[in-house]
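Structures incoming, each one as structure tokens.
In what comes next, chain A is part of two complexes: it sits with chain B in the first one and with chain C in the second one.
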Partner chain A sequence: MMQSVTLDDTQAIAIGAGILGTGGGGSTYLNRLRLENELRRQGRAVPILQADDVPDDALVCAVGGMGAPTVSNEKLQAGDEIHTAVRALENHLRQKIHAIVIGEIGGGNALGPMVAALQLGLPVVDGDGMGRAFPELQMDTFMIYGAAPAPFALADSHGNVSIFTRIGSAEQAEEFARSLTIEMGGSAALVMPVMTGAQLKATIIRDTVSLAKRIGDAVLKCRAGSIEPAETVAALCQGKVLFTGKIIDVERRTVGGFARGRLIISAFDDYQRQLEIDFQNENLIARSNGNVLCTVPDLLTLVTLEDGEPIGTESLRYGLRVAVLAMPAPKELKSPAALAVVGPRAFGYDVDFAPMPGDLL
Partner chain B sequence: MRIGVDVGGTNTDAVLMDGANVISSTKTPTTANVSEGIAKALSTVIADSGIEAAAIDGVMIGTTHFTNAVVERKHLTPTACIRLGLPATVCLPPMVDWPDDLRDMVGGNSHLAHGGHEFDGREISAYQPDEVREIARKIRDAGLSAIAISSVFSPVNSTFEEQSAEIVRELIPDANITLSSEIGRIGLLERENAAIMNSCLRQLAARTVDGFKAALDELQITAPFYISQNDGTLMNADFAKEYPVLTFASGPTNSMRGAAFLSGLRDAIVVDVGGTTTDIGVLQHGFPRVAALAVDIGGVRTNFRMPDTYSIGLGGGSLIESDPLKVGPRSVGYELTEKALVFGGDILTATDVIVAGGSEDIGDAGAVSHLDASLVAAVQARIMEMITIAVDRMKTSATPVPVIVVGGGSILVTGAIEGASEIIKPDHFPVANAIGAAIAQVGGECDRIFSLAELSRDEALDQAKSEASNRAVNAGANADSIEIVDVEEVPLAYLPGNATRIMVKAIGDLVEA
Partner chain C sequence: MMQSVTLDDTQAIAIGAGILGTGGGGSTYLNRLRLENELRRQGRAVPILQADDVPDDALVCAVGGMGAPTVSNEKLQAGDEIHTAVRALENHLRQKIHAIVIGEIGGGNALGPMVAALQLGLPVVDGDGMGRAFPELQMDTFMIYGAAPAPFALADSHGNVSIFTRIGSAEQAEEFARSLTIEMGGSAALVMPVMTGAQLKATIIRDTVSLAKRIGDAVLKCRAGSIEPAETVAALCQGKVLFTGKIIDVERRTVGGFARGRLIISAFDDYQRQLEIDFQNENLIARSNGNVLCTVPDLLTLVTLEDGEPIGTESLRYGLRVAVLAMPAPKELKSPAALAVVGPRAFGYDVDFAPMPGDLL
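Here is the complex of A and B:
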């Protein structure tokens, strides 16, 4: 079991989080640099806590970044946004936060919370609310299984903090938070939801930080041995390599403000054999000859063939040589309640969820 | 008439062209002082052609000299960096992702100040001239005059970078200043990295370009000269002194552009066989297909758009082992003309096997007549297999495509390539890169985020196109010849504000002197 995160772990966790990111969640590059800087500056590790070790009456909060990766790659953070938002919520609640929870393990949001935890002097819980990356706030096991969306806080690089003390639903929180994020310059820190230890234990997807680390370690080991990592990663995640080939077409358009796209991958040995993937911010559905092979919430990730580097949907391009990993979602995402929020229909596809056998964890 | 020159790590190639015709060409070893090699190459092509130096209208030079300086950590000037964006951006200061040795060499002198813009053009914070003045004093007192200035979203609005440069010049009159907005694209660290590298290469660039000029003067060539950029377009000599980083990927680009020109094809796969490696790239509409991912130069992350090439360890100097059969990746490299059997050496290379096979007559064929015919056949088959696999990796459809073979090692291609509709070895294939330099045009780019709440998509595209075209004209293109060669639109993920990033590239012919 993972006890802490040190400088020796950051590369592996970044790779693993990228693979769990299913093409979204933003690049891990900048947050990895930030985490390494903070670990060096503080000279100590990020303590990792098991969810079951959090007292039932203690308060924890999930944290992360909200906004467009293109913006946060340009307007880098001040660095203390999450810290400021957590402290403001503590003042509002007149109660201390016991531990930091990662809202989203997929992509850059896996690492930002660790930086904040170091600044706050708090441990990070081994687990998260998505087990992957999702585009909207309500797509989160904490709120799917009953955690209240309010109070929640947003903070920007100026030190501005906004606390919503009441909100009708997680969906409404998403709308308000999104508008405010644009006002805050297109990227903001989000603290949401605040939970008791008891609520955390009932809703969290456990061990996903450890899983990210294991995936990254496996990829690094393959690279050192000049082995293509895709099969190893798939086995580790109870999934399979759905396809290998090269991207021969990427089509993008904007629907309702969200980027929607489709890509086609052709097999190396037979150009007629193709895989089609629908993506929005993340990869969502894979089809071959009209047959659905994998759908959200199961995980679909493209990695470079040679070194298993995860490829974000913003970097998809004609000619990339890739392996497509299909991995079963954690069981927490597959209940009827969860599928209503994160199933294919929640993303506008008239397709039933066709689960892969097994569970991610 | 134009002369194209390509200064590679091993060879300096030159070609004299009259319109589309190659009059003469040469290949000479690159010298430690690159100007000497250029002078030798130039005098050879001029002498061979019998023309007067006065008949030359322009000299186009492609060089990897500045890339090598960064990779080898040589001739770099300590450089300060001013970044405008407070209170944002504090978490990752300038040069944070540089290798330690390079950061130490460049000095790590960096400063943060207020200013910068949001993605939609609002100011992050008010620009404070006194703050910049104070920083400029510190830089002056540290004895530095090379400076890079970056501001958040400066590709959208570069005012603060420009105002800061004026203030710095008041205090440091001889300052060498690079604004990140002049070089880069969206992505602050990468653009800032490129700006810092640019300032730290400028002294070397001035010396090198002056050396080129001296070499031309000595040969009484009075025509203007140009340097090739990453995207295969040209910049004039004064511009090259200002922006040396823009030459970083000119080598592979020139060779692919030369292949397109020599073959007359705009869509094809180019196989460039050198002494040690073979680079395979894809031509789309006459230009190299660009790579999708960030590129490292000497360990520093940048966001230049480099040609997407795949390299294998196969070249004219590749070592041959017979049991088990192995071709490359080890190579005698530039020592081919001493070490290969046909040149009197004692090492069996790919070139020796090709000569033994009888398809080429290079050096002393007698020195390889003892080679076993079955070995020769096996090596030739292996070489074609290596090239076939590499070509297939770069292809994007099953449709057979033409393959253009260029470069000094092209003699290695003796058979068929599966998946190729034809194999073209154009005349002058060994100097395709110099030809690519000679025929280059002038370009301009625009990379901005547009809010489609205020503009229609067509208006935004038109604005981006006219901005790219204006930049091309400013760089020396004939306005009537401008063509938009690349348009890319990427809606911003996770932001439903109809914000979209538009990247446009325009290219035109050089205005005749």
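Here is the complex of A and C:
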């Protein structure tokens, strides 16, 4: 188990988080630079805490960035949005936060919370609420398994902060937060939910920071040995390489605060053999000749063929040579309660979830 | 000076507030019914407090309804939105509110705060921040003369509450609150700004509740004597009857959370003699043959010819026989600082403000 995150870990975690990000969760590149800057500036590591070491009555909060990755890559952050939002919530609650929880381990949202934790002088819990990335805020195990949607805080790069003190449901929270995020310019820091240590332990997907690091280490080892990393990563995650080929079409639009679209990959040896993937910030469903091969909540990630670099949905482009990884979701995402929120039907697809064998962790 | 508002006062205040509302501020009809219900239910009057009797260090807050009147007339309120928002702010600030301040005296927004005051057990200050109604929240004397935009609270009919704890400017507050109001269904309760008694006394437009009552009393007296009330009201408000005639065209759309549009009135004796009025929730500018006759912040109100009933912009329709009242704005709205926010240029009209002689109060 990890004890801390130092400058030696950032590259591996960024790669691993990108692979768990299934195309979303925000840029790992920008947040890795921000994390390395903050580590250098503070001259100390990010302490990593095991979920089971959080006292039952301590207060923790999940944090992350909200918005379309297409926007977050171009709109500059102030850099202290999460810090500002956490302090505002502490002030509102008149209670100190004991530790920072990563809302989604996928993409840059694995790293942004570490920057905030350094600024706040707090540890980060090893785990998260998704084991991957999802586009909407009700789609985490904390909300699925009963955390209260209020209070939650939203902060933008201009220092504006809003605390929602009463909210009817997590879905309502998503609608308000999305609308306000758009008004804030398309990206914002979200602090949600606030939980006790006992709630955290009952709902968190454990050890995903460590998993991201292991995945990244494996990729870096392959690169050092000039081995294509896809098969190695797939094996490490109980998954498989679903397809390899070249991206031949990307249809993309930023709508309602999301990066939505579809891509088509064609096999190297047979142009007619194609894989089609739909995404909403994250890759949602893979089809070939009308057959559904993989859907949420199982993980679908594109990596570059040669060096296993994960490709965010905002970076998809014609001509990229890719491997498509399919990896089983963590078991916490496969209960009936979870599938009602993160299964294919929750995203508007009229198909049942046919789980891949195994669990991510 | 008024000491209280009882069931004997509600009709007159509703008429007077409607006339000061310049077409906006929400339905006086619905809020009058709500106020009468609450007065009966509680069996006591709304205490009215003079601004100068508020202690300098006491905390007060302005309150009102936000949204397009076209929406507020059809979307049911829970009835306790303002109450909920004030209590949430008190809890956030850990301080009790001493008195309720009417954000805008115009329209139903004069009466809604009285309902909330009864629910909260608080008095209402005789005065407001506009002396009329305006479409945007930065357009009151509290914000114009330096009140802090945060914290402010927004609550909807489902009990959802958001407190904005840090906001860069009143204009930014307007954008966030408008966007969230739309997400809340098009209407919401707004509590803003929170002020000390000292700040209140430096910025409030005094005695406008009493003025609304006097205007309403005058209209009711005219009705009892079968006299058309327009000239009487105009004289009472230092204004004039700008035009009488029949509405021959109304162009209306609900856009960006506002009721926007234009109407044309034709004189009874000469169809070609016409008055054209633009509105954004409230009537903004009156023109005839390309000549500007009256603009914000001076007041433009349509009343029915026979009985002086004020006509909200949401109730304009072909065929109504109306008198158009033009009344000078209160002096607090005519400083350079105020005109920058509520003058014709602030609404996108390339004309200077040519004030009518006199002041409303």
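Worth pointing out:
Operating definition for what follows: the second predicted complex is superposed on the first by the 351 of 361 C-alpha atoms of A that agree within 3 Å, B and C clash if a C-alpha of one lies under 4 Å from a C-alpha of the other, contacts with A are read in each partner's own complex, and residues count from 1 in each chain.
FYI, a residue touches a chain if its C-beta (ideal position, glycine included) is under 8 Å from a C-beta of that chain, and two chains touch if they have at least 3 such contacts.
This one's a predicted model, so the numbers in the text were calculated from it and none came from an experiment.
When the shared chain is aligned, no partner comes close enough to touch A:Arg44: not chain B, not chain C.
When the two structures are aligned on the shared chain, A:Lys221 is found in touch with neither chain B nor chain C.
In the superposition on chain A, A:Arg252 makes contact with chain B only, not with chain C. In the superposed model, A:Ala88 lies in contact with chain C only, and not with chain B.
Once the two structures are superposed, chain B and chain C can be ranked by residues of chain A touched, with B on top. After overlaying the two complexes on the shared chain, residue contacts for A:Ile167 are found with chain C alone; chain B is out of touch.
In the superposed model, A:Ile182 makes contact with both chain B and chain C. In the superposed pair of complexes, A:Lys96 makes contact with neither chain B nor chain C. Across the superposed pair, chain B and chain C both touch chain A at residues 158-159, 182. Every residue of chain B that touches chain A in the complex is listed here, in rising order: 85, 87-92, 96-97, 116, 118-120, 122, 124-125, 152-153, 186-189, 282, 289, 292-293, 308, 392-394, 396-398, 449, 489-501.
Chain contact summary for the complex, chain A toward chain B: residues 24, 30, 33-34, 37, 66-71, 73-79, 115, 135, 157-159, 178, 181-182, 185-186, 246, 248, 252-254, 256-259, 266, 268, 271-272, 281, 313-321. Those residues of chain C whose C-beta lies close enough to touch chain A in the complex are 84, 88, 91-92, 155, 158-168, 172, 175-176, 179-180, 182-184.
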